[in-house]
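My structure is below; once you've seen it, I'll send some questions.
Labels run A, B and C following the written order; every chain starts at residue 1.
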């Protein structure tokens, strides 16, 4: 509850009102919250080999959702575009000064659209609000099944509903699922600091606002598991990191 | 007020409905007799000046009659119901040639697994469909029903089928449908936030169409694997 | 005859100044005050349960539409006035819980058990007045705790008032943890209250009957409260045990009801209904008892077949223990058991029929006074008949396959518990109000309340049979999700509007109750010209009830006796020769 006092203070200090949870590389929004430095780490996640086909989703029972998709919908477990892998969650695993890092004032947003979660993979800082929105005119059930945190199991029966929840302990990753539409899955990385990003459809990611130093980065993908990489970066510099996942 | 049941399309639906209408007639008669007597007494024996109630403590013969008659009637209802119950749920009621389907309920969906063209579970031609049950007409079907999480209840109103799906238990529930078509399937046991959405469809197809459907679905799903 | 009348400490008039306000009205050991305390508490419970029902009806009549005024509810219940499914489940659960445990049960057992037993058997007070006080003051925190549950994280328990495991046992599947634990703890605490009360009633009835109050001179209200107390004493510990097991499953990692680790979900159902079915009779037997008293009074005739009425009460009390499996015909329980549970269940129709016919027999050749309590008693009989007969459908295992867990069951239970128990309660409150408060309730408003309640009650609950026959499942959040239920949505809207009106006209009762307390016509000693001992002492009776223990000379319902001029012969009246 003391967080409620902190939130307006942080907003003034850092001029932050941004939606924190964006999953694309070019936003790098988390870094803007508490910039300890001016170093940036960016890179691309590549994929080698033939990506497995995503399973088809039979949305026949929800015509309004089927209509939201141009093509026959598939479960976007593996998103590979031109050899680049999207929906990879990359975070600084070690090398940062000891925290604590305050949670950003704004919430990270996850939306339910056309019976899919958007974004599918996102990160929040510990105790940052996660705002769950429903853009579908039907009932979604949102169930988080964390191992380290307190889970929740709530529902949103109508379009336009918003619910906020938060996680108190770092956890990679908290699975979110809709039990009404069993195919709906999302993953939330709960991190103790704001230095994380999700690779975009082009595989690119960017983590800014870091202090100079040497860091171990970890990349997580729901199908292909984890990779780590080391990187050293100085003030004002941008260091490049590459992750590569392979089929099978 | 409509007291009729919606049309039933399984072999035992008519038996269940007959029991229902029998009980409806018996209880309806009892209802009319009791309520009419009550109203009549209230009017006939209303308090009027100069009338005194009869000082009367009861009558053993009346007691015996209205003990014995309901007892006989309800035991008769019980025996008749028992016969139909045995036909549907008795130990040997499931026809040996029934087509098996595995239904696993979970929050909030029905996952029906078919043995594929080879008729055996656990082989590579098995496949699973969500919220949709496809069964052949005029053929006994046995659903091996279980649940992965909480208690659900498989309710197919038109078949007069209702059976709880209990985690940790597999219950065999059978039916034989008499008409092709699409019928509603629902969950009848409160199972959580999405209980209300836990519906589905049962598609009843001709026997040869069912065999074809098994092959097509099995190979289609094998291809997408 | 072993009646032991407790020594009366004061002469009735001298004690008024001897006790402080707190001792007299708050922490009172006087059974009459405790009865009134239970009355006020459980009327609040009735209001809570009824309000929850209104929210349920809104959602069913107008699914996922913003409820007018619903915006005042917190975001976790109804954001923008739209009831959330998890809140809806909590509503369904708590409507049942409040009505069963905090309204009907205390209204019948807590109120009339306490108020009537000593007054009707000629005792100065209960056998254990302090236990009696404790039983009320234990019920209060249980009630408060159950209310608090709405406002905890995760919301209130949402697995139905029957709390079927594993939904109730594992928070992962319901999203509710604290709320369900509160449900368990509250019921265990309330159970302690019921057990203390039941012990007290049994002891009092066995030991403290006035001289001449033989067992077969007890009014049927007392007989039914006695059997109810026995059922309570045996059944409630079972519920407490079940609730504690459920609580352990949720908190300390036991797996009584969780199958992955060897638990058995059906175990919960067996234990719960082994309690739950006797509980049903706890909720109806006292109603039958007070209705018998009122019908004899209204008909100005002795009860027809008094002895068979007593045996019927005992038979119902006994059969209540061997029918629990009829709640589980479709549960996956061995179907062979279905046969025996079906027969035992159907047999309950026999004592129920005996009672109904004896009530009719009592009215036959009577001189019926249709006072407000008598109207409610007649409503009880006619509505209980509907609830009883609709029970035959479910008792038949075969028909139950189709109607189990549909609105047919909802109609049935409301015909028994509202049409039955609650009409009896309205009648009994009106009947004994003068004895409780020393004033009469308004007759005019009593008639108005009865007429409108009877009308809207039937408009609300009778169409539910039709919903059930159409296959409308219980406890669903949004019936419009199903195509086959679309044609029934008009009925759902109709029911909702009727239910709102039914709720609204209860305001008449509430106002009549409150206003009459202060401005009602002063009640004489025996306003209904009844025969019971409670009418031989002033209204309200002083502490200790009588200056000296009355002596009983007659059976309970000597109306129109040839021994006396007037048409009622008080039980303690020495005039004439002793009636056997």
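The rule is short, and it goes like this: a residue touches a chain if its C-beta (ideal position, glycine included) is under 8 Å from a C-beta of that chain, and two chains touch if they have at least 3 such contacts.
Here the structure is a predicted model, which is why all the values come from computation and not from measurement.
K.L.:
If you average the Cα atoms per chain, which one ends up farthest from subunit B?
P.N.:
Checked the centroid distances; the maximum from subunit B is A.
K.L.:
Which chain lies at the heart of the structure, taking centres as C-alpha averages?
P.N.:
C
K.L.:
Nearest whole angstrom, what separates the Cα centre of subunit B from the Cα centre of subunit C?
P.N.:
31
K.L.:
Rounded to the nearest whole Å, what is the centre-to-centre distance of subunit A and subunit B, using the mean of the C-alpha atoms as each centre?
P.N.:
Once rounded, the distance between the two centres reads 47 Å.
K.L.:
Give, as an integer number of Å, the spacing between the C-alpha centres of subunit C and subunit A.
P.N.:
54
K.L.:
Note the residues in subunit B that touch 2 or more other chains, in rising order.
P.N.:
Within subunit B, residues 107, 192-194, 196-197 contact more than one other chain.
K.L.:
For subunit A, give me the residues that contact two or more of the other chains.
P.N.:
Answer for subunit A, listing residues that touch two or more other chains: 139, 141, 153-155.
K.L.:
Identify all positions of subunit C at which a residue touches two or more other chains, and write them in rising order.
P.N.:
In subunit C, the residues touching two or more other chains are 85-86, 173-175, 477-478.
K.L.:
Provide the residue numbers of subunit C that touch subunit A in the complex, in ascending order.
P.N.:
Checking each residue of subunit C against subunit A gives 64, 75, 79-80, 82, 84-86, 154, 171-175, 477-478.
K.L.:
Could you please specify the touching residues of subunit B with respect to subunit A in the complex?
P.N.:
106-109, 130-131, 192-194, 196-197, 200, 224
K.L.:
Which residues of subunit A touch subunit C in the complex?
P.N.:
Contact set of subunit A toward subunit C: 139, 141, 143, 145, 151-158, 161-163.
K.L.:
For a test of understanding, state which residues of subunit A touch subunit B in their complex under the given definition.
P.N.:
53, 55-56, 58, 61, 139, 141, 153-155, 179-180, 182
K.L.:
Touching subunit C in the complex: which residues of subunit B?
P.N.:
That would be residues 1-6, 15-16, 19-20, 23-24, 26-27, 30-31, 34-35, 37-38, 41-42, 45-48, 51-59, 62-63, 66-67, 70-71, 74-75, 77-78, 81-82, 84-85, 88-91, 107, 149-151, 153, 155, 157, 160-164, 166-169, 171, 184, 186-197, 199 of subunit B.
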